[in-house]
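In the two complexes below, subunit A is the common chain; its partner is subunit B in one and subunit C in the other.
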Partner chain A sequence: MNIELDGVRLRYGKTVALDGLTLNLPGGRIYGLLGRNGSGKTSLLSLLAGFRRPTAGTVRVGGHPVFENGTATAGICLIRETLDMAHHSVKVKEVLEVAENLRATWDGDYAGTLLEKFQVLPGTSVGALSRGKLSALGVTVGLASRTPVTLFDESYLGMDAPARYLFRDEVLADFMQHPRTIVLATHLIEEVAPLFEQVVIIDRGRLVLHEDADDLRARGVAVTGPAAEVDRFVAGLTVLGEQQLGPTKAVTVYGELDDDRRRAARERGLELGPIALQDLFVHLTAAKGEPA
Partner chain B sequence: MFDDRSPIYRQIADRIKTEVLAGTLQGDEQVMSTNQYAAYYRINPATAAKAFQQLVDEGVLYKRRGIGMFVSPQARDSLRAERRESFFSDVVDPMVTEARAIGIPITDVVERITRLAEGDER
Partner chain C sequence: MSRTGKLAPGSFIVLGLSVYTAGIWAAFTALAMAVAVGIHTFGSLDDSVYNVAGGQLPRWFMFGIGIYLIRIYLPMHVGHGRTRRQFTAHALASIVLVTAAGAALMTAGYALEGLLYQGLDRPRNIPAEQTFAVDEYPLVFAAYWGAFLVWMSVGALVSTAFYRGSGTGLLTVPVAVALIILAGDITSDQNLPFDDVTAPTSMVQCLSGFLVAAGLLWALLRDIPIQTRTS
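Right, the complex of A and B next:
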C-alpha cells in the first residue's frame, strides 16, 4: 500500500516537528527510516498511523487521508517505542486478544509462535515483563497483525542481541511470505540495513534523502592518500568529512565515482574505500563540531 | 555474509561469478531463488533480484519463465576471458608496485615466476 506525503508540516505549539515533507513510498517494500533524536521520525510515523493531524499538507495511505479515517487506519499498525500498552495488570494474551479484534488480517497462530520464540509467556501480566520482553510483545503484535502498512518505531528497545536478530529474521521471512509495506525506524542501522530496499533520512523535520539502499552505499567513498594528492582529487566533489594523520589524509566524498575517476585515483596512488550506510548517515546528519 | 559497505547486489553478483568460475555452479544448473538467497544471506529479496538481473544482463544467467534462473552454458568461458583481460592490471601491476615499494628486485620476481612455471612443467 502506497504512502504519500505532500508538503506536510506538523507543529506542536512553537516547535516545528516536520517542515514541508514531501515523500512517496510505493507499497510492498521494506523502508529504513533514519534520523537523529528529535529529527521528526516519531512525528512522521504518528501522522502515518493517523494518531495526529498534520498542521498543513496531506498524508495519504493507499490513496486515502488517514486522520480520523477508520477504514484506512484499520490497515495500518504502528508499534511505538513506548508501546501503547494498557494497564500493568493486563495479561499478554489479553493484549493479543485486543489486537485480534482490531485487525481483520490478524494471524493468531503466528503470534503464538513468535511469543514462544521470544520466550514470552501468555499468562504474564504486562507490568511484570522486562523492557526487552515488552518490546518482543510489541514486535509480535506488529508482525502478527499483518496489516498492509506496518510501522516499527525503535521496536527492539531493551532486546538482547539474539532477540534483535530474531526480530530481523522474522521481519524478513514474514515479509517474503506476506509482502507488505514495512517501515523500520531505527538507530541500530548496521544491524538491519541489509533488510532495507530503500532508505529515507530526515533531519530537523526535513527530508535529507530518499534512495535505494544500494544506490546510497555506492555513493559514499573514502579517499585516502598523500594530503596534496587527495585534495587535488576531491576538488569539486561533495566532501562530507576529512581526517589527517601526518602526511596522510582521508576524505569522505558523497557521489558515485565513475570508472575513469577510479582509474585516475589508482594511478595517483590513492586508495578508494567504501563507506557503511551507518557512517554515511552520520556524515549526512552530523552537526557542526560533531565527528563526521 | 555481506558487509554493509558496498552495494550488496554487487557483492552477490561477484560471489555467483566466482562460483561459476570455480565450477561450483555448472552451465545450465539452476541457481537458488531470490527468496532463498534473501533468507540465507539475510538481505532484502529485491536486492537479490537486482543481482540476478545484473547477471542476466551480463549473460552469466538466463531466466526460464516460471522455473527460475540458470547458469548460461558459456558463462564460465566468458568470465574466464574477462578475468584474463584484467589479470595484468588487477594482479600483476599491483604486485610489481608492492615489490618496488619493499625493495624486491623485479628480476627476483621474474625468477620466482619462472621457477613456479618450471615446477608445473615437470
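Right, the complex of A and C next:
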C-alpha cells in the first residue's frame, strides 16, 4: 500500500507539529523515519494511522483518505513505545484477544510464538510489565497484526540487546514472508539501519530528505587509517565525526569522493567505507551552534 | 494460550462488561442477603435491604462502567483500525445491552430477596413514593434499566470529555449532573426536583437523558484524537 501525504499540516494549539509535509512512499518496502525529539515523527505516524485529523492537507494510504475511513485504517497498525492502545489495567492475553476480534489479518499463533520468544507472560497486567516487556508486547501486536501498513514508533525502546536483535530478525523474516509497508521511527539508528530500504528524515515538522538508504550512505565516506595520513587526507573536507584508537583514526566526511581522491586514498594506505546513517542524520539535523 | 475465538467487534465488549457486571452483582447480592439475615438475627427485619442498597451503589457502578468503556475500548478500537463512528455504534449498543443485563440482574436480586424474606416470614416494605412495588418485577426491571441507561451513558460522556482534555472534561461535569437530575431518581425514594412523577413519565425522562447523552457522546467522539502517552 502506498502512503501519500500532500501539504499536510498539524497544529496543537500554537505549536505547528507538521508544516506542509508532502511525501510519497511506495508500498512493499521498509522505511526508516528519522528525526530529532520534537521533529514531528509521532505526529506524522499518528496521522498515518488515523489517530488524528490533519489541520490541513491530505493523508492517503492505498489511495484512500485515512481519517475515519475504515477501508484504509483496517490495513494500518501503529505501535508506539508506550503501547497507547492498551490500558495499564488490562492483561496481556486480553490485549491479544481484543486484537484477534478487531483485526481481520490477525495471526494469533504467531502472536503466541512471539510472546514466548520475548518471554512475556500472558497473565501479566500491562501496567506490571517492565519497559522492555511492554515494548515486546507492542512489537508482538504490530507484527502479528499483519497489516499491509505497519508503523513502529520507537517500539523497541527499553528492550535489552538480545530482544532488540530478535525484533530486528523478526521484522525482516516476517517482511520476507508477508511483504508489506513497514515504517520504523527510531533514535537507535545504526541498530536497525540495515533494514532500511529508504530513509525519510524530518526536522521541525518539515521534510529534510527522502532517499534510498544506499544512495544516502554514498553521500559520505568513512576514511580509516594512520592518524596523520587521515588528517592530511580529510583536510578541507566537511568532517562529520572522528574516532581514534591508538595510532588508527576513523573520520567520517560528507560529500562524494571523485576517482582521483579515491586513488590517492588507496596509495596512502587508507580504507574507504560507507558512512554511518547516524552520522549523516546528525549532520543534516544539527541546529546552528551544535556540532554537525 | 487460551483465546476466546473471534466475536463480532461490539459483542465482545458486551460480553466482557456483562460478565464483569454479573460478578460484581453476585457479590453485591450476597452481601445484601447477609445484611438482611444479620438484621433479622439481631433486630427487626421489615424493610427491603436490597431496595435500600440498590438505590445508589448500582447506578454509581454503571457510571464507572461507562468510564471504563471509553478508557479501555476507545484506544483499542481505533488503534486496531476501527472508525470512531463504528466504535460509537458499538459503545451505544453496549450501553443498551449491558444496562439491560444489569437491570435483569437487579430484578433477579429482588426476586431472590423475596424468597429469603418469605423463608424468614418477614414483611418487605419499600417507600410508597417509589415508581414500583417490591414484587412488580417488570416495573423493577424498567426502572433500573432506565436509571442505568442514564448513568452509564453519562459515565461514558464524562470519560470521553476528560479523554479529549481536562478543560472539556470539567465543562461536561455540570451537563452530566443536569442530565442525572433531569432523569430523576427512578429507583429510590425520589427526592430530586423532577421526581414527583409516575413510572411512565420517569421512563420518558430516563430515555430522554440517555438520548441527549448519546448525542453529546457522538459529538465528542466523532473526531477525537487518540492520545499518545509520554514515556
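FYI, the second predicted complex is superposed on the first by the 235 of 292 C-alpha atoms of A that agree within 3 Å, B and C clash if a C-alpha of one lies under 4 Å from a C-alpha of the other, contacts with A are read in each partner's own complex, and residues count from 1 in each chain.
Here is the rule we use: a contact is a pair of C-beta atoms (placed from the backbone, for glycine too) under 8 Å apart; a residue touches a chain by one contact, two chains touch by 3 or more.
From a predicted model like this one, the values you see are computed outputs, not experimental measurements.
Chemist: Return the chain, subunit B or subunit C, that is in touch with more residues of subunit A.
Modeler: On the superposition, C touches more of the residues of subunit A.
Chemist: Would you sort A:R217 into first (subunit B), second (subunit C), both or neither based on which partner it touches?
Modeler: In the superposition, A:R217 contacts subunit B only.
Chemist: A:G50 contacts which: subunit B (first), subunit C (second), both, neither?
Modeler: After superposing on A, A:G50 lies in contact with subunit C but is clear of subunit B.
Chemist: Which subunit A residues come up in both lists, the one for subunit B and the one for subunit C?
Modeler: The overlap between the subunit B and subunit C interfaces on subunit A is empty, containing no residue.
Chemist: Mind listing the subunit B positions that touch subunit A in their complex?
Modeler: 2-10, 35, 38-39, 41-47, 50
Chemist: Which part of subunit A faces subunit B closely enough to touch in the complex?
Modeler: 29-30, 168-169, 172-173, 176, 190, 193-197, 213-215, 217-218, 273-278
Chemist: Flag every residue of subunit C that touches subunit A in the complex, lowest number first.
Modeler: 1-9, 12, 71-73, 75-86, 222-223, 225-231
Chemist: Using the touch rule from the top, collect the residues of subunit A that touch subunit C in their complex.
Modeler: Interface residues on the subunit A side: 42, 46, 49-53, 67-70, 73-78, 80-82, 84-87, 89-90, 93, 95-103, 108, 112, 115, 122, 131, 145, 147, 157.
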